[in-house]
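Chain naming follows the written order as A, B, C, D, E and F, and within any one chain the residues start at number 1.
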């Protein structure tokens, strides 16, 4: 069976709604299916990746550490829209540093996050076979 | 002060019920009277006893049930909204000819008049929703 | 009379914050909660709107700000409250308008 | 017991979500309690009042005729924000003509809808005791 | 063509489930195969059999159940989302030590792998939500 | 490749329509459904954006437009489809992106 291009589009902030958490659950399960997986963080979706989340006082589970485990599941194409960050006064430094180890390059550690312009992201979306939206 | 709370969204999908719960707890701790917590729209889904969230997550329905028990809270679920969405107490289930009910401890099903009454009787009404 | 307004939506995704700002009178307070706390950070167009709304007091729910990892980006002049402080704001104002 | 000023704030379009319908249900029940009732339609809430709604093809109940019954329940202070209409390319002519009969004026038929500016509406909101939001 | 559907919201609160239902019906009428309908997030709340909406309103859960029966549809409810929100089939209820279940006819509870599989096996996936 | 985009939010309440428009490539189609149909009407700023998006096709779900009483206000150049037409659009494009 041929491999399909799966894209998970994340546009919602974490904790205010459950979509970020449950989207991550699909991504983890989906990683076992050996498809060509990408994640896009657009609009408020970029807030899912901020450093230093501490949910103790709101009584919800802090699921942000899970993003750093994605590399271990071979989920390493994480597109972050540049314009979305800028509109929100954020830079890459405000986000977690997500990495993966490249088996084909002597396990070199590489960045998972690809900062892309809106136009570049439009091209990436256009190539997908299956787009899951949350 | 006498405060009432309205919850318009169900558990987990939106933070509304969490915030309403934390607010209610804080109001009680500060010595205020909670006249009523009214669950409307998808808020009625907070009243299920069949939820089994993961062990490392909170059980929102159970939190409300406990808070009600400890503080003798009046937690009212709108009957019309509950019927649309399948939240049933034993009496309603029987009346509707259903073979099961799912309401959790501490919640009671009643009419929208209870929300209006809460507005009339309370000094403040605070609405949580989406 | 002075109202307490709550806003629980991101100002970047929804018009709720702008609607609230347009209808809040001088002397009222706007409390940012849940995804509304993103309005309380610096470095974007919304921060300018808050700075210019001189007759209105702004507060933000600390637990929601911490959850989102944005405590370090809090704009000047916005008061941080916890749930107890939220309750106090409710009692100090004459009525509450939740902008949902 | 003194009469309280109850305000129902409607900001959501009909049918896409249930808030408009269930808000109307509260208003009808609340009318029996002899309080001082007002409704405000702000933002997409103004779409609740459009003429000519026909829900047959989406399979939902058309509840728009209920608005014209509000006058019979002595609910006759219906504030519509002028700016919200204008932003959406609408005028009062696009909305239902809602009326009530004034008992104190020989049952004269009067308009229920009060077209108000944002500033005027802010004053009305400021006077309320209880604000129900949907 | 082989099409799968994802429903992210519960009945009534949002139009998503209505639109998904009308779309599914139209796709079947046009001769397409519906590989699977997957209910995720609050979408799991469509699977209750305890809803009793007003007589002049549609019964969304019952509509799905009928459509499934007539067309042999595979309607899957995400187990993790269902447990959080209190949608239970008899087996799950028993395993969790609960005294009731509430799943409607035609729905089955299973894992998220079923959604991925639907994406792999179908020519198109269409998502309905809020 | 050509995507079918669906938008189900009012362009006056949410940034979803603008986000979709920013990421839709020439040759793709944007289908307005549910509360998204308000973008398909005339006489406001959103109508201008649609008029200027020349490389993109626009369609609107007729049942949702009728439900909202706005058939008479439909802007020029937007194709009205029913649920069957929605299905056809899905099959005619290579993939579907639902902007939720």
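General remarks:
One rule holds for everything that comes next: a contact is a pair of C-beta atoms (placed from the backbone, for glycine too) under 8 Å apart; a residue touches a chain by one contact, two chains touch by 3 or more.
Since this is a predicted model, take the numbers as computed values, not measurements.
Common neighbours of chain A and chain C under the contact rule above are B, F. Contact count check for D-E and A-F (C-beta pairs in contact): higher for A-F. Over half of the residue numbers found at the chain B and chain E interface occur in both copies, marking it as a same-residue contact. Averaging Cα atoms per chain gives one point for each, and the point farthest from that of chain E is the centre of C. With chains reduced to the mean position of their C-alpha atoms, the one farthest from chain D is A.
Separation between the centroids of chain A and chain B, computed from CA atoms only, is 35 Å.
Measuring from the averaged C-alpha position of chain C to that of chain D gives a distance of 27 Å. Contact of a single residue of chain B with at least two other chains is seen at positions 8, 12-13, 15, 19, 22, 41, 57, 80, 125, 127, 129.
Counting partner chains per residue, chain F shows two or more touched chains at residues 8, 12-13, 15-16, 34-35, 63-64, 82, 95-96, 98, 100. The set of chain D residues touching two or more other chains comprises 11, 15-18, 43, 58, 60, 129-131, 133-134. Viewed as a contact network, the protein chains fit none of the simple shapes, being neither a path, a ring, a star nor fully connected. According to the touch criterion at the top of this document, the contacting chain pairs are A-B, A-C, A-E, A-F, B-C, B-D, B-E, C-D, C-F, D-E, D-F, E-F.
The residues of chain C lying in touch with chain D in their complex are 1-3, 15-16, 19, 22-25, 28, 94-100. Residues of chain F that touch chain E in their complex: 6, 8, 33-35, 61, 63-64, 82-84, 86-88, 90-91, 95-96, 98, 100. Against chain A, the residues of chain E that register as touching in their complex are 6, 8, 40-41, 80-81, 111-113, 115-117, 119-120, 122, 125, 127, 129.
Across the complex, chain B meets chain C through its residues 1, 3, 8, 15-16, 19, 22-23, 25-27, 29-30, 32, 123-130. Those residues of chain E that touch chain D in the shared complex are 12-15, 18-19, 21-22, 56-58, 130.
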